C-alpha cells in the first residue's frame, strides 16, 4: 500500500528523521495562507501516489501569490498524469507547501527487502535526485547495497562506511546514524515494503534532510497497523482493483483487449504471455485466488467486462479444488448483466465437474469457444482476429 | 544495580504489566493517609534492597490505623536486618502501602542471562511465593527454564508451553503473553541483569498480577540509562563500596580479620582462598582493577584500613604493568593516616620495580612481612596467629 | 537438506481442524501420504477423520508420533509461530502452504530454520509430491501426477499443475514436483531443489518454471554454471507480457530493474545450459526435445 | 576453531591510538608479535610507532595487510561495534581485551561470531600467548612465560600470571596460554580451549583455572568425559572462600545455586579425571605430580 509524500514525511518525523518545514493544504485558500507562512518563497508539490511527478510539472518553486494561485487553479480537483501513471490519471486533492531548502548535495537512500539475502537491504548512492535505476545501470559503482543483519540492525561501522561512500564528513556521523537507524526502526515497526528518500540532501547548514520520501507497506502486514491503514487514499487507486481486492481477487488493469480470468498468479502471467504471443494484448491480470464461489467468480467476470477495452474474455481455470459447474454459473451471473455487450469468450476449464461446467455454458447463447489447453487457446486467439 | 520494589513496580507498569494498586510513602502521616485510601485493609512493605524481608517482619497485613501507626514507628528511619543482609543493616526510608490481593495461586517468573546458552532465559515455576532455590534443589521438575531466541523473543508457542506448565487456563494466554513479552522488552530496553516476579499471582478475578518484583541492572550498561541511574538509592549500599567503586576499585566488605588488596578478581579470590586455608577469614574482596596510580592504591588501602575488624592487611600484586614503587607510595599515604592503628602487613609484590617498592616500604616503621609467593603468604599467615 | 518424501515420511498437519487444513489433509491421506497427527492449540484430544489424533502442541505430537515432517495450513497471523513451533519440536522438514505471511516475519523465520538446519518449503506454496511413493504433502490435485523420472520445480502453484498436466498427457512421469512458493523470502529455493534433482538417482531431467521479479532465477543459473550437471533442463519464465512497475499478484513479480525482467532471466538460464520454453503451451514439447 | 598463533599470525590492533592500545601494542611487538596495522576510525593515515599504518576501518586495514587476527582495546561503548567490524571484514580470530561490555550486547555478538565461524576470545580477557613462537596477543607480562609443552586455560588474568609464574619458576614451559575472560558470555569457552589442547601435538599437559559462578566448569567437565583424553589436567577452582550472594568483581562469580559453588565444580572436574589443585600456591606442584 502506498501513501502520499506528506504522510511519509509525517512518519519520518515520528521516527526522528529531519524533513523540511511543510504544510499540507486541501484548497486554494489554505494553500495561499500556507504560502504566506513561508514568506516569499516556497515549493508546491501535488500529492499523488504516482512517481515521475516532478517531470510532469507537479512540483514548482513559487515566489509570489500569483504563481501559487495559478498552481492551485491548475491542479486542485484535477486529474494528473505522469510518465509512470501512463494513460491513467489520478485526482489531486492535496498540495504540499514546503520551505525552500538550500541544497549543497543530493543523495539517495532506500530500504527494501532483498529476497536473495533474506534481509532488509540499505541502498545508498551519492547520485540523488535522479532516477536510481538509471544510476544502477550506468554507474553501478555509485550504488552501495548491503543487507542489514537481522540481529544487529544497521551497525556503526556500516554507517561509517556509508558516510565514506557518500563523501560526507565524519561530523555528520551521528546525524546519518540517526536517520538510518530511524528508517530501519520505521521499516520494521510499520512493516514497510519500501522506504525511499530521494533526495536526501545536505543543506547549507550541513544538516541532513529528507527532501522527498516515498513509503509503501507490506499489505500482508496491514492487519497489524490500523494507523497505517488510516493513511490509505483510495482516490489514488483503481476502483475495480479496490472492489476485486475486497473479495480476495488480485486484479490489475492493463491496456489490451483480451481480458483474462485465471486461478493462480503464475498461471495468470503464463496466460497473459499466451495472449501476447498470439499477437494480442492482455487487458488485465486477474488471479481469482483460492476458495472461489459463485459470487466471487461473478465479480471477477464483472470486473473484466466493466473494462470497455475488452473485446475477448479468456478464462483459464486449472485445479483440483475449483468446481467448474460453480464457476460456470458465476460467469453467467455476470454475463447476464452485460448481455447487450457481452464479448467473445474463450474458456479453458480443468478440474472437478468440468464437463458439467461446459454443459452449463453451452446451454447459453453466448459466443463461447472451448479450449483444452494453452496451445488451443493460442490457436483460437489467432483465429479470432 | 538494585532498585526498590516500588521502583520495580513502576517500571513494570511502564511496560504494561499489571501490579497491585499501591502508594509509596516516606513518613507516618503519608502512610496513614495512604492506608485510608485503601479502606480498611492494606499490606505494608518496607522498602529495602535486601531479600528475605517478609520473614524478618518487614511485610504486614494491617486492618486498622493503630497497626499502621505501630508499623510506621517500628520501621521509618530505622535500620533493618534480614537473613540475607546478615550483620549489615539497611535504613528504611520508604514504606509501600498496597491493596490486599485475593490470591488463587502463586507462581514464580524470572528473566536472567544464561551464559551457557548465550541467551536471556525465562524461568517459571508453579511454586511461587517461596524460595526458588529450594524448589530448584528439591523439585527440579517444577521449574521450567529455557533460553529465549535472540531474534524471536518469547514466541507464542513457548508462552502456551508456560501456560500449560503453570496449569493456567488457555483464556489467560494473552494476559501471560502480555506479561512475558513486556518483561522481555523491559529486560532488553533497560539492560536488566535480573527480573524476578515472585509471586506472580492469579487473583479471584482471574487476573495475572505481579505481587512482588525484584529488578537489577547490568552495571556495565548503566551509562546508557540515565533514568535507571536516577533510581539508585545509595542508602541501601555499603559506603566504602560506593567510594571505592568511584575509582574503579571493586571492593566487597566481608566479616573476617584479614583485609586484602589484590589486582584481578581471580587472583583476589585465590588470595581469599589462601587466607581461608590458613585458618583465617578474609575481611573483604578487593580488586584494584587496571591503571592503578598512587591515589587509587592509597584509596584501596584506606578502604581496607577503615574496616575495624581488620587485623592483618595482605597485599598481593602481580602484573607487568603495575609499578611497585608507585604502589608502595600509595600504601604509605594511607597507612600514615591510620598510623596509630596500622595493622600488620603482609606484602607480596611482583612486577615492574618490585625491589624499589620493597625498599620504600622497608624504610618505614610499619610491621611488614614480605612474601615471594602464595605459599609463603600461607606460611606467614599461619605464623601470625 | 533433503527433499526426499516417501513411505518413511511421517507428517503432522498443523491447522488440521481448520476448513482448508482438514480438506487437504484428507486429500493427502487419499493419495497415500502417511499423516500421523494433527495439531491445533486448544483442540488437543479431538480425533480428525475418526482416526488421526489432534494435539495441542507440536512438542507433544512429535513426541507421540516421532513424525519428521509438518504441513502447515494455519492462518497467516499464526503461521509464523506454527513454523517456529515445528522447528523447535525437532521436525526437520516443514511445508508451509499459508499465504500472506508478512515479509519481515519471514526474515526471522528463514534465519531460525537455517540455524536449525530445517528444510522449510514455502510459505505460499503448493507443497511437494512424489508420485512414485504416493506421497503428497501439499494441495496439488493428485490425479494429474504420474510416476516417472522428471523433476519439476516452480515458484507457482497452478502453473506447476499446468506443466505436470502437459507432462502426464505426453506420457512423461514425474519423480518429484516442488512448488517453492512465490513470496520474496522462501525457505527452499530453486538452487536447493536443482541441487537435489542433480544428485537424485530417480531424476533424469528437470522442468524449471520461473517468473519475472527478483533474482532467484539468475541465482539458479549461477548455481547451474558452478556445478557439473549433465541432466537436461527445460526452463520457462512467465511474465514477459507484464508491464513494468505493476504488481502482478505474486510479491516476487514486482519488476525490479533489468534483472527482474523475463528476458534477463531467460538469458541467464540459457547461458547456464537450459533449454528455454518459448510458449507456456510447449512445456512438455520442449522437454521431449532434450531428453 | 583454531587457537594456533605463531609467526603466520598477522594482527591488527583496533584502538591502537588509545593509551592502553598503544601501550600493549608495543609490548606485543617487543615480544615478537607480527602487528601489521592499527585501526582507529577518524585517525586513518597516521603512523603508530613510526612504523605501523593506522586505518579508518577494518575493511581497509584487512584489504591492505591481509591480516587474520585482530586485538581490540576499544572502550566498552564502542567495543561491540569494533568486534562486529572485525568479523565483517573477514578476520577469523578476534581477541577482545575490553572489559565492561553490556551482557545484552554480547548475546548478539556471540551469535554473529558463531554464525560467521569466527573465533572470538573474550571480552574482558588477557588474550593468549604462545611463548615458543614469541607470539603474544594480549596484555600478559611476557617475561614470566617460557616455551614448553603445558597448555594453560583460565577465566582470570592475574591468576593466569600467577599460574604461569609458578610453572616457569618450576622449570615447566608453556605451549599456549589462553585467558578466556570472566564475563558471563564469552566467545571461546573452556571446552574450545581444552579441545584444542587435547588435539594439539605441542601440548602434553593442561592447567585449568576456574572460578565460582556459572556452570562453565561443569560443562568443561562434561566435555572431558565425552572425549578420549589422555593428557593430564591439573585444575584449580578459586572462590571457595567467597560468601554466597555477594558479587566478587567478575560478573561470572555470582553464586547461582549449588552448581555455581566451588565444591560442585571441583567434584565435576575430579569426576572428569582432573587432578584438583587444593591450594592456589600449589599449581605447579600439583601439575608436576601428574606429568
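Order of writing sets the labels: A, B, C and D. Residues in every chain begin at 1.
The rule is short, and it goes like this: a residue touches a chain if its C-beta (ideal position, glycine included) is under 8 Å from a C-beta of that chain, and two chains touch if they have at least 3 such contacts.
Predicted model, so just to flag it, every value in this text is computed and none were measured.
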item	value
Pair joined by more contacting C-beta pairs (A-C or A-D)	A-C
Chain centre separation in whole Å, for chain D relative to chain A (CA means)	54
For chain B paired with chain D, centre-to-centre distance based on mean C-alpha positions, whole Å	28
Sites on chain B at which at least two other chains make contact	150-151
Contacts with two or more other chains, residues of chain D listed in rising order	108, 111
Contact pairs between chains, per stated definition	A-B, A-C, A-D, B-C, B-D
Residue ranges of chain C in contact with chain B within the complex	41-42, 56-59, 78, 81-82, 84-85, 88, 108, 111-112
Chain A - residues contacting chain B, complex	150-151
Residues of chain A touching chain C in the complex	84, 113, 115-116, 118-120, 133, 136-137, 150, 187-188, 191, 193, 218, 220-221, 223-224, 250, 252, 254-255, 262-277, 281-282, 285, 287, 290, 318-321, 350-351, 373-375, 377-378
Chain A partner contacts - residues on chain C that touch it in the complex	20, 23, 27, 76-77, 100-108, 110-111, 139-144, 154-162, 165-166, 182-186, 209, 211-212, 214-216, 219, 236, 238-243, 245-250, 252-253, 257-258, 278-282
Residues of chain B touching chain C in the complex	149, 151-152, 155-158, 160-161, 164, 170
